[in-house]
Every structure is written in C-alpha cells, then in structure tokens.
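These notes are about the structure you will find just below.
Letters A, B and C name the chains as they come in the text, with residue numbers starting at 1 for each one.
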Amino acid sequence: MAIDFDFDPVEQAMADSVAAFCRDRVDAELLRAAANEFPLALWKDMAALGVLELACPDSGGSASALCAVSEQLGRAAFPGPLAACVLGVAVLDEKERAGIIAGDELVSLAEPPLLPWGPLATHFLVVKNGVVLRADPPTDMQTSSTLGGEPWGRAAIEGNAALADSDRGLGLYLLALAAWQAAAGRRLVEMAAEHASTRQQFGRAIGSFQAVAHPLADSVIRLDASAALARSAAFALDTGAGDAMVALLRARASADRAAVAAAQTCHQVFGALGVSLEGPVFNYSRRMLQAASLPPTPGWTMRRLAEAAGLPPISLADAAA
Amino acid sequence: MDFELNPEQGALLDAAETLLRRSAGTARAEQLAALSDAGEQSADGYDHDLERVLNDAGFTGVALVDGMGPLEATLLTSAVARQAGCVSFGANAIVAAQLLGRTIDGPVALADTALPGPVRFAAQAVCLLVADGDQLRIIEPLATDLVDVDSNFGYPMATLPAELLAAGDIVEGVSAHRMRAWWQLAASAEAVGCMQAALSFTIEYLKNRRQFGRSIASFQAVQHRLANCAVMIESARWLCAETASRNAPGEAAAATATHTMEAATLLFDDTHQLSGAIGFTTEHALHHWTMRLQTLKLELGGAGAHARSLARLRWTDAED
Amino acid sequence: MEFAWSKEDQGFRKNLVAFLESELPDDWEEISREGPGSDAQAEFSLGFCAALAEHGWLTPHWPTEYGGNAATSWSHAVLGEELWSRGEPRGPQYMNVNWIGPTIMEHGSDEQKALHLPPISEGRVLWCQGFSEPEAGSDLVALRTSAIADGDDYIINGSKIWTSYANHADYCFLLVRSDPESSRHHGLSVILLPMDSEGIEIREIPSVVGKRYFHELFFTDVRVPRSCLLGEEGEGWKTVSYSLQYERVGAPRYARATVTLDRLAELARQKGLLDDPTVAEKLGRARAACEAARVLSYRVIDQRAHGLPPSPDTNVARIAGTRVDKLVGDLALELTGSSGLEAGTFANANFKLAMTAGVAVGATEVQLNLVASRMLGLPRE
C-alpha cells in the first residue's frame, strides 16, 4: 500500500492559481504594511479565486483542495482570518456566508473577551463545549494592537445560537490553520537557509557552521512532518474516515509547535535582522506566532485528543471551551 | 557570600579525594560488579569496605562536626558519586545526620509510601527512614532477607514489602517534608557528582576519538551539546551548595532537584548520543555514572514531580 | 564557601526597596513596558538616576574617588536585582554603570575619568554602544568603521547598526579600526564620541522591541580630538574584551524573569490552571531555571568580588540567562494565550525581551563556542 500525499489535478490547479496570485501580489512591503492596515482589496481578490467557497457544505470542494490552497497562502504568510472565514462559510447559512465567500465580510472566531479581527469582522462565532455558536456583534468594542499586527478587539460577547455542521466546520478550521502554519514555517526556514548561505562571518558562510545548519535541518524535518499530517488529515476528512477530527487536531498541534520552534531557530540565524520591522523575518514569525495562539486554546486541543484516546480529561480549565 | 572553599573545606575535600581515589573509582566499581555477577556471597554491589573507610575517617559525620554542616556533607556526597562510590553516603551524611542528629553505622535506605518501586540499598540497609504523608518513621535496626531486583541501574535495590513500610517508630518532632527536602538535596548532590564525571569522561573520549579525519570533539554540533551540558551541571552544582548551606528549605530543595534532574536527563542523552555504541558497553566506564543518573532521577519521581512540587510550594498554600 | 548575604547587603536591599516603593510612580509599570529606548523611559531615567545617585546608589561599587561607596560587587548585584525585577527604571543608563564606567575607570586618562565618571555616577548622562556593523555581527572584529589620525584629531568614517538608545545618547562608546592596514582584532581603538559631533546621522530601525530601540549610525568625516581615544591606539580589542565580560553578566535578566513568572503563576492560579499538572510542571521548570541562572550570575559576581579576571563563567551565566528568558517568554505566551500577543500586556513585553535574548551581547552560539574552547578545552575546528 502506498500513501499518496500529492493533490489531484483539480486541487493542484487551484493551488497553482493561488500560488501565482501570491507571487504577483504579496511581497515583503505588502506584508509589512498589512500589519498597520489590513489590505481588504487584496483579501477580496484572493476570495475571488474561490478559496473560501471550498468550505461550503455540498460545494463539491474537497478538504484536500482547501489544504492545498492554505499551504500556498501560508507560504506567502498571507494575512487575514483565513481559518475563521473558512469556519464561517462551513457553518453559517447560505445568505450569511455569501458575503464571506465573496471576500466582503470577515469572521471573528472569538475567545471572549478577545475578538481576533473583531474591528473588521461582520460575523462573530464562539466555540463552547465543542460546538460552534453564533454570537451577536459586540456593541462596545475596544481595539488592541497585536504582535501580528492584526486588528483585535475586546468585548464581552456570548454565543447564542448553535450552528449546523459544527464538527465539519471546526475540522476545516483546524485544517486551514495547520496547512497555513506548516507552509509559512517552511518558507521562513528557506529564507533563513538562503541567508545562512550568503551571510559571511568569521570568513565563511554562517550556514557552514553546524550550530546554524543543524537546527535548520531539524526545523525542516518537523515542518515537513506537520505538512504531511495536515495532508493526510485532509484526506481522512474527504474519505469520511472516523478519526478525521483526531488527525486534524494532531495536525494543528504539530504544525503550531513546529512553526514556533522554527521561528525561534530562524530568529537565531538572522540575528538582529529578525526583530527589525523592515525585514522579511518578522513578517512571517509574527503571523506564525499569532496563528499558534488563535482559539481554541492548545488546552482545548489536548483535551479533545485525550478524549479521543480514551483518557480522562486532565484539565479542569477548559470546561467552558 | 563566597563561592571559594575556605581552608578547612579545601583540606576536607582534598583528604576525601585522596581516600576516594584509593578506595573507590571505576576500577573498584568494575570489581564490585564482577563479584556481584559471579554470585559471590554477600557481593551485592554495595561497597561495604568504602563505607567503613568513609565512616572511620569521619567523613560521614562531617555535618555534625563543629564548624561544618550540611554544605560540607553535600560537597562530599558529590565527591563520592564522582568516584562512582556505591554507598548510601548522601542518605547517611545528609539525610540521617540532619533528621536524627547522628549518622548510622551501616547502609541507610530512604523510602516514601507514596512512591512505588524498588528502594535503593533496601536489602543492605541497617536503617530505613520512611516518609508517610506528614509522618516520618524509622526502622532501626533493620535486618531483612530482601533480595535485590535484577537491574542494570548501577545500585543494588530491593522492593520493600508493605508491612515493612508501615512498620517502625515515629520520629518525633521531624516532619516528613523535611525528609523529602533533604532527600531531594542528597539525590541532587549525587547526581551532580555523576554528571561531572560523565561529562569529563566523555570529553576525554571524544577528544581522542577521530572520525571523518578529525577529532569528534572538534565538531561544532558536538561542542555545543557538551557546552550546554556543562552549563546545566554548573548551575546544578551551585544550587546544591547554596541549598545545603541554607539548610534545604522546601522550595529551594525542590528547585534544586528540578533543575538537577533536568540536567541529568540531558547528560544521559547527550553523553550516550555523542559516545555512540561504545557508550552502552560495560567496558566503557560511562555507564557507571549514567545509569545511576537514571536511578537518581526516578527515585523521587523525576524532574516533573520535583517541578510540580516546586510549583505547589511556591504558588499555593501548601506546606513546606 | 558560604551563601549568606552580609548584614550590609541585607540592609542595603531593605533600604533600596523602601526607596523604590516610594520613588517609582504608580504608572511606572506602563512606562516600563515601552522599553528602555522609549522617550518616556529615557526621560524618567534621568530623574530617577539622579535621585538614586543622591543616595549613592547609582554606582555604589565604584571607588569613592569616582563617586562610589567602594561597596562590593555584591551590592551592585543587589541593585541590579531590585531594579531589573522592576523593569529597570535606570533605563538606558544601566549600560553606563555596568560596563562603560568600569571600562573608563580601567583604561581612561585622568582627564577622561574626570570628564565622564562624575556624570555617569550622578545619573546625568546617556551613552550608547557603537559595536556591530552590517558585516560585523557575531564576528565583531570584521568591523570596518575607520578612525584615521589627522594632526591632533581623528576622522571617523563608516557606519554602525543595531545601536540601542542612540537617539538619546550624549556619547557613543565607539569601536573603530584605527590602523587601515590591520585586520581582525588588531589595530582597533575605542573612541568616546560626543554624539553632537558634526557628521553623525542617526536612523531609527523600526523594530519589534519598541520605539527608538535600534538605530543605524552613519559617520561622514566626523572629526574628534585625540583626547577622545580611550586607552592605547590599536589596543581597542583588549579594552573591549574587558567591557564585554561586564556586559555579559551586567543585567540580571533572571530577576525580571522571576517576577514575570510569579505573575504568570498568579494568572494561572486565577484561571484554575495551577491544578493542571502540565501547567504546574512547566511553571516549576521555569522557576528552577530562574534559580539556576541566578546562582550562576552570583558565581560571576563572586569572582569579581575576589578580584579575579573574567572567566568563561560569564559565558556560562549568559547562556543560562538566555535559557530562562526563552522559557519564561514562551510560557508567558502559552499561558496568556492570545492576549499575550496584545501590545502593551506584560506577557507581550516579556516575549519581546525574550526575542532578543539569544542574540544580544553575542549570540548564544558564540557563548557556547567560548565555553567549549575556554572551559572544556575542546579543540578548535
């Protein structure tokens, strides 16, 4: 038996078109500016490629296709609430999701009182006891700025209406996050390796030092494994496998850990360049770190994995999540 | 505050080193192991001769000597472990001395009713101290016909039957928490000695070992791992000394043990990884220290257990 | 060998804490989160350092002739702990007292000592450090900024990068190449450069760490009198090696990490997370790492107190300190979750500090190299 992680021609074509779009429209300058003002026009053009539509129930769009396009977006560190919008499209009704699919409306998956993308969002969702609920938009929201440069809000909101297809929606949410994260990390490591092969210190390229090369190699191993987990989880979702949710939880947890570790390694390789706002490094690492902290919390992920493994829940804290 | 040894401490450690080089060391450890393997009667791997020599020379009771204290006992504990001495020196010179105000004329075993598993030196011990919740009990004299479990972990150990753990007399006025703190310190001090020896042994080996046309010790990846090990050992070593000199308050002892046992994990992994296959053979002396590191780690539940207990002591109202 | 604080140092700590509790304003914590380079902190530091100096606490370990109380290195350690754990209200001036002043004391002429030491010791002056260049980061001796002798002056050309606090600085401790034929660590000199000299251009590098933190300096025919040369011409590497040893264990970062960790634990307790053994374990490990860094830092102070020359123990201490910063920074993000990413939170401030820990004052990799060669005697490649 062979496991084929390659995408089928349709999925690959979508991925290629997203890749071309990102190559054309996303560069370091844009990413830097996006941290100060979100590029709504760019988001809309991305949506026009049909990316968010993939999450529609009965759209015929596969999870694998979503994985493929999320990878390409991650590779470009494409800004925006991709996963939350995917979730919104998957669980909201036809009328509500139209605006999201068109790229006109954004979704905030909130962890009250924190509302990622709150100031720009039209739709607000929360996760409670593993179910996705719709929440009324906040009436009184304070804005805060974040490490990732994303517009976040603070307000007390509460979920009021349970939404259909919660599990599938959450699954796609996790998938989009995992695929994006692993790819973003991988691209950052590539940039670090390029830097290491040209940057000379002590009379030689710094990449020729084992202390630089080995951690980068370790990062590649971990990130590639995470990417493979995401793809196989997408496959599980598409084939209706019973353990798809577990696979998706694992994929996200794995990708986040690998990406955060890779970000640290790359920052070591780049030295002070990594903390400069002008440089490409922070454009990536800030969004990777932010993605790793998006709801649901790691605790929630771990608890779900423990349940799936038949272990008693060990944390009392996430009872509300 | 002064990190340098004063003249008395210097003389003490020099004298101990002289004695240990004569009566301990890896050659002696091999000898004991061979006797034990050969099933020689009363050859249990425990170095009764070394113990006698240490007791007679007054090293075991050093903490009770005027002008000396648990710090000196701690430094000696590390010294004994560095020379791969298979004796219950830490349990005696640190734990028994502090809890009972005297030392024991024979092997000492330490147990906790909450911790399962074989107990170090249980079959050889003439005195057993048991922590049971808040209570501290002593069984002395102890004479058992316990049989050591078959293990490669560097020390003789035996499983204590439940009725034995429940026996003994309460040690009045001493809480089990104090025992655990001194025990954490003693185990850490032994671990420090094992780690120091394991590292310097490995460094020597790697300097001389050549692969890919050069000394393995000249590769940066190797050097950085060794350097990280050295950093962990240095901090563990000074934490042990500081904690001992402050009479092992519960939180400090837990912090010392947490850090030391984390270091122990790193040292075990790195010294073996870097030494390659030869590191697992009995001809290569490394195992005399590294296998003992595993035991010391596990004896009180591992770095994780120490860390959790530290968190509890520092950030909740749990008692010392 | 013993580990008790002297009565004097215990008394000093008590008095210092009382002073800090009354001197630091209620909004000090908010000010401190902006970082030592911010206008707010730089301004605050001038007043604060002057007040500290009035008590003789800015440079207590300096000789009395230079504005100190000839107290031990230990009292300097107490000072560092209490100030760093409170977010370092000395602002950018911690550099002056930690290593710039000591270096001038060691290598300066009488005129230089008279000119520079009193303002440092009175808390009236700000310095910056001109070391790294675009092509000379970890490999500092690859630097190219030149200072060519011209009569009674030097003319400086070149650039520096990643210079902290440059925009507020009155002086720059500048490492230059004074012998154009030289390479590597030969032919270097230290210039005590007045920042109001003509020909200096400063550009702020926007960074994660905060406003006015990193800068580029451009020198175009900057003319300074020879009297600005610190120590001997061409012997700058010797001078700087002395400084680096102090800088490496100058700021007790563990003191800040310790306080952060206590706050994180309190946060965890409020959320009911302390009952979670995985959280308790992570907190405990981080605490142990703080203690490890502390005791190694004390080891270095002890060597200074004994008048011993700098040893690889400074690199050891630095490595341990970086480990703590990273552990606590990561834990801060993990425990505060998404809110740790919000600008202005204490978790965010600590995370940003942790980001630079591995590369500031010599990358961790360099520190490990030094431990490997100088402490473990491992062969160079």
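The definition used in the following text is that a contact is a pair of C-beta atoms (placed from the backbone, for glycine too) under 8 Å apart; a residue touches a chain by one contact, two chains touch by 3 or more.
Remember, it's a predicted structure, so these values are computed and weren't measured experimentally.
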item: Centre-most chain, if every chain is reduced to its averaged C-alpha atoms; value: C
item: Dominant interface by contact count, named by its two chains; value: B-C
item: For subunit B paired with subunit C, centre-to-centre distance based on mean C-alpha positions, whole Å; value: 38
item: Separation of subunit A from subunit B, taking each centre as the mean of its C-alpha atoms, in whole Å; value: 48
item: Chain centre separation in whole Å, for subunit C relative to subunit A (CA means); value: 37
item: Sequence positions of subunit B contacting 2 or more other chains; value: 219-220, 224
item: Contacts with two or more other chains, residues of subunit A listed in rising order; value: 209, 211
item: Residues of subunit C engaged with two or more neighbouring chains; value: 277, 365, 368-369
item: Interface residues, subunit B side, partner subunit C - complex; value: 1-6, 9, 71, 75, 203, 207, 214-215, 217-220, 223-224, 226-228, 230-232, 234-236, 238-239, 241-242, 245-246, 252, 254-256, 258-259, 262, 303-304, 306-312, 314-316
item: Sites on subunit C touched by subunit A in the complex; value: 132, 135-139, 142, 161-162, 205-209, 214, 271-273, 275-278, 326, 330, 333-334, 337-344, 348, 351, 355-356, 358-359, 363-365, 368-369
item: Subunit A to subunit C touching residues, read off their complex; value: 111, 114, 116, 144-148, 152, 200-202, 206, 209, 211-212, 260, 264, 267-268, 271-272, 274-278, 282, 286, 289-290, 293-295, 297-299, 302, 314-317
item: Of subunit A, residues touching subunit B in the complex; value: 209-211, 214
item: Parts of subunit C lying in touch with subunit B, wherever the complex brings them together; value: 1-6, 74, 262, 265-266, 268-269, 274, 277, 280-285, 287-289, 291-293, 295-296, 298-299, 302-303, 306, 313, 316, 319-320, 323, 365, 368-369, 371-373, 375-381
